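In what follows, chain A forms one complex with chain B and a second complex with chain C.
For the complex of A and B:
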């Protein structure tokens, strides 16, 4: 069962790392109802900023925080395009994503920055614990970070500002009617979201040994898939469970991909198999209910 | 939290799949396993892989016999570079073979701290990409491989031989591929020395190739492309536009000539793969990767395509056709 253990541990690390990014996507898409597509750009932005700082000798922890900050600025940009210039949210995200491709190249000065021989946060933790960097170490690091992030977000979404954020996503008109400043909440939410995405990018870049300007391609898809799979698989009912479900969804999605890789089918079928596995997992409820003739159409449900 | 029956069923499904897995991967004891990680499907890289298998076979390691090959292709998905490498490491393969740059970087990072050697191929500038610290000896790094670095100035000279009056040379590349950025720098150096102006157009995906090509129409006398994975994937679009506008297209690998470019000094990627396969066989046999110098592709041949030249409005001088190792006539 070694293979299963390997698969699960790899998917666990990836689920946590990409789960941070998925959390950012969740904040914009679900909480704020703001379809922010700039994730494909802010993910490598985090990697780029962290890489530049680290290569120039800056403490990797500082570099990682700087990456989070850069993501926040990028999110702020997207939000400003939408709130102040009245550009449609979707387009604002797309414009930011396109701009960030060039910005990332400008930041790095090149398209690819190797981090293999640099000191990363993972190296620091390894030194502190007196061991080598390894998958187990990466997982432990990410677990601790995930717990911290979850605790903070869980608290934040229940504060007055957090509630204002959630309300903005639910019914912007009403919030404005009640005197709330939805421009502020949008800026805060999108900014925070992209901060998490960039944070995820910086950690993954440090772990995988390089930042590449193309490493964000497909991230928005992965983020959305994680959120929706998490909701579908775990049916969360409250704030805490929904945040956990996002990580769970990311874990499940990466697991499906790893399984698809491992099944040994021709690599050209990889994406198809991944999609089929996800469909299978999400449709179990439906199929089961139908088989038992318990299926009730949504319109009739009370 | 009560665990619902639904959740149980889903967990059950996952368990079934996971249990079925070991049955799909079987390996007799005593065989060597290698993991091959390829970045994307395109003819040159596929040829490289075929060459690796052949090189191994001719040196005693036959796939399916005493060698198990685990071939994974990330199809350009960046999140898979590290995934695939990590899987190879946790499955403890004997050697990781990587085809192209970003997955090589991921493999070296994933294999760090283990004793799994990494052999890369089809990487233009492994030192610049941080894969090895230098070409000769890299004592602490269990990495070696074959580079496909081409001598761009030779290509430029060839272009001036075929088109003596060329003043403006266009090039299309993906600024996101470090291989290409390196080669375009070399192109600028070579052209500066000859007084040729270089007009660059960049793309980010193969879908942009047509647009980039259109933007060069009327601004250049000819177009040269290097070993850029993105552009080579979208080559047919570029060829079409070059033919319609009579802009000669020169490339840097033989497969592109076959597909319709005019001429190139190139590696046969199958040969590069074969060279890599020989290195892998040596390391499987016990040679130390950290003591093996990184090689460059050995067999450079001139290939020309007379029909392509005709379609693009020029004729290749007979002296060059005679010199060419391979002449395509379609």
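For the complex of A and C:
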């Protein structure tokens, strides 16, 4: 019983923390139809920026906000490659991801940075509440943060700019014809997305007590897995339920991984399992459609 | 007659595609066109005549070659990008998929359309007040769309989507409505309904229209002026008086005379009426 409770609460924390990252992936992949692969680079970017700021004595809250800002800038870079230099979205993301690997090393000065003896946002919250840092505290903090982020996004996607952003992913030509600046909405969306990804990276780093240049590997697949699982499990309709489903999907994914590890899956196989999970989730949709004799168009190549 | 205000002016507009390749083609060749306010112009021509290119150039999808000018209300908009220019233009495309966003609701689509020409801010887009307004407008279509504001547009039929696209193109009262064979992909019955809607909206809102069509009878029946295009040039330009009494056959003869070619385009040839003893005007 204790083991199950422990598994659930760890997955809950991780689901919320990585859920922010998955939310970023959702914004690019699903809302904007912009397959941004730079997530693998902007996640550790958040960790790197927060770590360097904190180690240099900057307030951890400020460091976390700076991480969010750094993610926004990196996303802006990706979007500029796409909108202004007219580079294919996939390639723009890959270019940014590769560039970020070196940029992250430049920021950190080495490949790994411990944060164990530093004061993080989690310590601040514990101090404020007069308790010790614990898993329960981390969960509560992440719940509050997730609620704030969801509320803001839920409002933003219904505003006139938010509507134009969503329509950009649906029908770019129409948006321009109706006077919407699709370059602007793309830049806004990809920036916002990478901001959330970097924010997630900075919080994960602060909570686990270190940041590593390699901690972003496979992050895009994990984000996609969360989005796909969330959509499959909760079948959301409308903006609010979709946003909740993304966090739900992230939780389900982390739970699955935690159980698999507990059952003796070697950690080295983790990325393989994640990849297989995404393949399985995507094939289920295809098989379901085939069973209903629905026509499925060939996959897009470029 | 000089009090008639010229709304849109195209001066020496050229457009070439595939420059530097073997497929180089002159899509628009020295187009000079003046559209007056409240004009209702139909444009015909065979495939590749430059009709859609003309609309794209006006809408700003791409710029004309150097030396050409596009002027609206005495303002040069040649170098204005598409989304800034669209405050003047409403457009309905041939494909209903282009004019509407499938994954958004009817209400959201109309909210996007009503913001044309205004700056988009952080106000909530689909307000109750707007929804009531949309309901009133959609009710005039008599397609039952007014009760389905929360329906995803992707679930509508082609005709319903095109009717919605038409409302979206006109809801913010554009200076010029561009119609690009907007009934060509619909079945004859639905096409008739959408054309009727177009007429109703255009006359009730008093909108200036440039309508591209493949159908010569439509071109003669609608509007007050007719343009015929061929190989990037406007080869026939008939005003209301010149157009009255003209038949499809006359148009085809005019085409052959002006272009110096026999017609090879099936879609136009099919419109040709049997022999000369058929004198009825459509």
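Following the convention adopted for this analysis, the second predicted complex is superposed on the first by the 263 of 302 C-alpha atoms of A that agree within 3 Å, B and C clash if a C-alpha of one lies under 4 Å from a C-alpha of the other, contacts with A are read in each partner's own complex, and residues count from 1 in each chain.
In the analysis below, a contact is a pair of C-beta atoms (placed from the backbone, for glycine too) under 8 Å apart; a residue touches a chain by one contact, two chains touch by 3 or more.
Keep in mind that this is a model prediction, so the values were computed, not measured.
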| item | value |
| --- | --- |
| Fit or clash between chain C and chain B when superposed on chain A | fit |
| Partner chain(s) touched by A:18 [first = chain B, second = chain C, both, neither] | first |
| Touching partner for A:167 - first (chain B), second (chain C), both, neither | second |
| Contacts of A:180 with chain B and chain C, given as first, second, both or neither | second |
| Which superposed partner A:159 touches (first chain B, second chain C, both, neither) | second |
| Partner chain(s) touched by A:88 [first = chain B, second = chain C, both, neither] | neither |
| Per-residue touch tally on chain A - higher for chain B or for chain C | B |
| Which superposed partner A:269 touches (first chain B, second chain C, both, neither) | neither |
| Least Cα gap, in Å, left between chain B and chain C after the two complexes are fitted on chain A | 18 |
| Chain B and chain C footprints on chain A, overlapping residues | none |
| Chain A partner contacts - residues on chain C that touch it in the complex | 59, 82-84, 86-87, 89, 91, 97-104, 108, 111-113, 115-118, 120-126, 168 |
| Contacting residues of chain A [partner chain C, same complex] | 155-156, 158-164, 166-167, 170-171, 173-182 |
| Chain B - residues contacting chain A, complex | 4, 6-7, 9-10, 13-14, 17-19, 21-22, 24-25, 38, 41, 70-73, 75-84, 86-87, 89-91, 101-102, 105-106, 108-110, 112-113, 129-131, 133, 174-178, 181, 204 |
| Touch list for chain A against partner chain B, complex | 1, 3-4, 6-7, 9-10, 13-14, 18, 101, 105, 110-112, 114-117, 132-135, 204, 207-210, 212-219, 222, 233-235, 254-255, 257-259, 261-264, 267-268, 270-271, 277, 280-281, 284-285, 288 |
